[in-house]
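There are structures below to look over.
Each of the next two complexes has chain A plus one other chain: chain B in the first, chain C in the second.
So, the complex of A and B:
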């Protein structure tokens, strides 16, 4: 499948969704007050841009999500490497991870606010808590699955265990790690917006709550579309990093399709 | 010890498992490889050829006995020893091109600069007939081509001894004959001492100056058969020579005597 075709398919489905939306709005099936058409929503967005509140909060939210995602990825990979190097650590951390993994971010936010305040620390903590598992679990599994012959090849060449880890195992595991990071990107955005809603000071999540409480319907919908756009943007960034760091695998899987 | 001996296996024993599960695999293996020789080790599937090769390479320790490489006891992979593993498709690095895979093996070799390493890699790839494929990734190559990259990588480390673990077991018959000749040609051209492990009696005799015949499990050396056919071999002529037929006959007979022992 060529890239141009994929892009045009994406554009077509976007247009389809917008047209469907507009059709529902015009049909009057839902009161127009609660389900505005596309032009009204665009108008709402324009107003928030004019006042500066949309760009300001959007930068905050994206910055938090991106910082958190990068840190969660690095930490997840580091923990996966540790798990691979030390069976003792692996067993211990596996237990911890099975306890922490099911915790919903919303349940942690109130206590985290007490402990960490309302600044970037809060958001990084929340994102780490929910996003680290993709890179960690995928990484640990992929490191375990590196073909024995590749590791033995390194040993025959006299490579140290650290060199085998970083020059053989890590590159071999990178494609699967990226699958985990892609998942982490989606989760980190959800976590940020939820945390912003609860923390109630700034960010797209906060703005969303404030607009809906003051019944600014078109603005609320516009913000919902912004969160959607953020998801696409983050996915694109992750994909870009994937192409730079594991271009060989992108081409390999692309070629086999 | 003879001063041309490069590798020596002394009473190697190894078992897998413990207690009732304990299964002796190697049961006292003794042999020598002389510098410049091409030695084949032939034995049936599952007799412990890979187990033996891992011990020779220093990748695993025998339970008792000793491997000596250039006179020194082997306790970890020694410098100057290279291995081409049985499963070539798993031993190449998929994130490296053919050229980069070959360059990876150049540690402590004569080539120091990037350009020197690149030139050497291209020379080796050309020698295995992959001149045009230096920039391809392993997954863009056929099985036979991947094995040739693995062989080029084995040569790249400029080892004193190259161990080859059934390098041709997974390729088709025609490719196999071509690859046998290629390996022999490379061994001569790069003055590479080789130890080839195989389950194929014809291949063992065709390739070697000396065939080491393994018994059934628990495995020891049944006999050693010298093959006096000179260094030049030819797929048709060599296989018809009395020397070839005689050596082949002896190997087969040795293997058959084990089989009838089992039956009796």
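So, the complex of A and C:
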């Protein structure tokens, strides 16, 4: 019931945005050349689908974002576990992360192309660099915050330190880790698009720059909508993974309401 | 009594040193000009220091102007949208959609309208910074405290006064979060726009270093960008501690 309500609310919002857009376009407040109406944008998208460039690049971009996100999540969780196990690593890595975190992905792309070429390695490196922090920071904080009683219970049951880590602490930290992954999903999409824009070979980001430089305005807007859609899609996928992996938490918090 | 030092206390310095040492060894063993060691990068920093400072200055000037424009528009707008429920709810989906747009995707779009000059770049930066600022201000002012509202009414504050003296301070902690996100987005868009639409700035510097195969110089540039981000983040955190202490104290009490 509530889900249906949520979906219908989303649909109404989408219609409102499209209507608002069309109204602005028709009002002539902005020259139609720079602000095409929805039909023109759909037409632009249809042309790109017909030539095959939109589906081909979309698959590339989504594939890169997903691969990078999965690797960044796994690596982030691994680092968080390491941080929890070793105070030395935890304190030391904090210095390193505070230096790496503010680096904008765009700045790294020109140099990374040298070392990694224009293939999937480049994109994975850039995504790892920017989206590892969500799962890592949330994970480290959540592992630290696991109630002492739960750990002591594990010890009383005769579990080894590794078993306590993987069977008590990690599952307890999972919900908060997923909050970090959701944030990382948005960041990984930003990283892919900007890397594609600057690497200039393929992907939605590259297509966006090429269409705009050749003043294909409806196509540029269509691609902008595609990147927004990708953001929503990736968020949905993360949510799905969260339900599968931490269903107990969703059920528990859902039941308490 | 002197507290006993644990090995972990030295980690913040020791571990970066270990990483640098491994980097130096790896670079020495490959000895390729495309993989410079830390010594080469330090040399490049020394060599390019004045250029980097000038170019970073150009970048940061645009970031500051763009950010200021964005804050001046979005903070009042966000509070107003939060106050005027119906209009706010109407525009919520617009904001949600804009929030999913990767900030660098704005660059080619704004270029269509505004070209490639300074004004265009500042517009792109302002746009990128505006979205997290607007979202956070709006969210904060939407979920305002009922009690504070009643107090404002009993003090017979006008609508404008309420927004200025109740809503704005109450929204500041969340705005501060928005500021951190906005600064990151602004820096990212600034560098992207410079690499794509070259005139000046640290992005252009990085691009030139790449074109001339000066990896060490490029890494030096990246180092200074990261340092800038670190300084800005530290300043924002210090500001939050200094001026928003009441918020954190209230949180402590609530625990």
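The rule is simple: the second predicted complex is superposed on the first by the 250 of 257 C-alpha atoms of A that agree within 3 Å, B and C clash if a C-alpha of one lies under 4 Å from a C-alpha of the other, contacts with A are read in each partner's own complex, and residues count from 1 in each chain.
Assume a contact is a pair of C-beta atoms (placed from the backbone, for glycine too) under 8 Å apart; a residue touches a chain by one contact, two chains touch by 3 or more.
A quick note: this is a predicted structure, and the numbers were derived from the prediction, not measured.
Visitor: So, A:241: does it touch chain B (first), chain C (second), both, or neither?
Guide: Neither chain B nor chain C is touched by A:241.
Visitor: Using the superposition on chain A described above, determine whether A:82 touches chain B (first), chain C (second), both, or neither.
Guide: Neither: A:82 stays clear of chain B and chain C.
Visitor: Is A:40 touching anything from chain B or chain C once the two structures are fitted on A? First, second, both or neither.
Guide: Neither partner.
Visitor: Let me test your reading of the model: by the given contact rule, A:172 touches which partner, first (chain B), second (chain C), both or neither?
Guide: A:172: touches chain B, not chain C.
Visitor: In the superposed arrangement, does chain B or chain C reach more residues of chain A?
Guide: Of the two chains, more chain A residues are contacted by C.
Visitor: Looking at the overlay, does A:190 come into contact with chain B only (first), chain C only (second), both, or neither?
Guide: Touch partner of A:190: chain C, not chain B.
Visitor: Is A:150 in contact with chain B, with chain C, with both, or with neither (first, second, both, neither)?
Guide: first
Visitor: Given the touch rule stated above, what does A:212 touch, chain B (first), chain C (second), both, or neither?
Guide: After superposing on A, A:212 lies in contact with chain C but is clear of chain B.
Visitor: Regarding the shared-chain residue A:94, is it in contact with chain B (first), chain C (second), both, or neither?
Guide: second
Visitor: Given the touch rule stated above, what does A:158 touch, chain B (first), chain C (second), both, or neither?
Guide: Touch partner of A:158: chain B, not chain C.
Visitor: For chain A, which residues count as touching chain B in their complex?
Guide: 147-150, 152-153, 155-158, 168, 171-172, 174, 246, 248-249, 251-252, 255
Visitor: If we count contacts the way the header does, which residues on chain C are in touch with chain A in the complex?
Guide: 6-9, 11-16, 18-19, 34-35, 90, 92-94, 96-97, 100-105, 107-109, 111-113, 184, 187-188, 191-192, 195-196, 202-203, 206-207, 209-210, 213, 215, 218-219, 221-222, 225-230, 232-233
Visitor: Any idea which chain A residues touch chain C in the complex?
Guide: Listed in rising order, the residues of chain A that touch chain C are 10, 13-14, 16-17, 20, 34, 87-96, 98-111, 113-115, 186, 189-190, 193-194, 197-198, 205, 208-209, 211-213, 215, 217, 220-221, 223-224, 227-228, 231-232, 235.
Visitor: Give every residue of chain B touching chain A within the complex, in rising order.
Guide: Spelled out, the residues of chain B in touch with chain A are 57, 59, 77, 79, 81-83, 85, 87, 90-95, 104-105, 107-108, 137, 139-140, 157.
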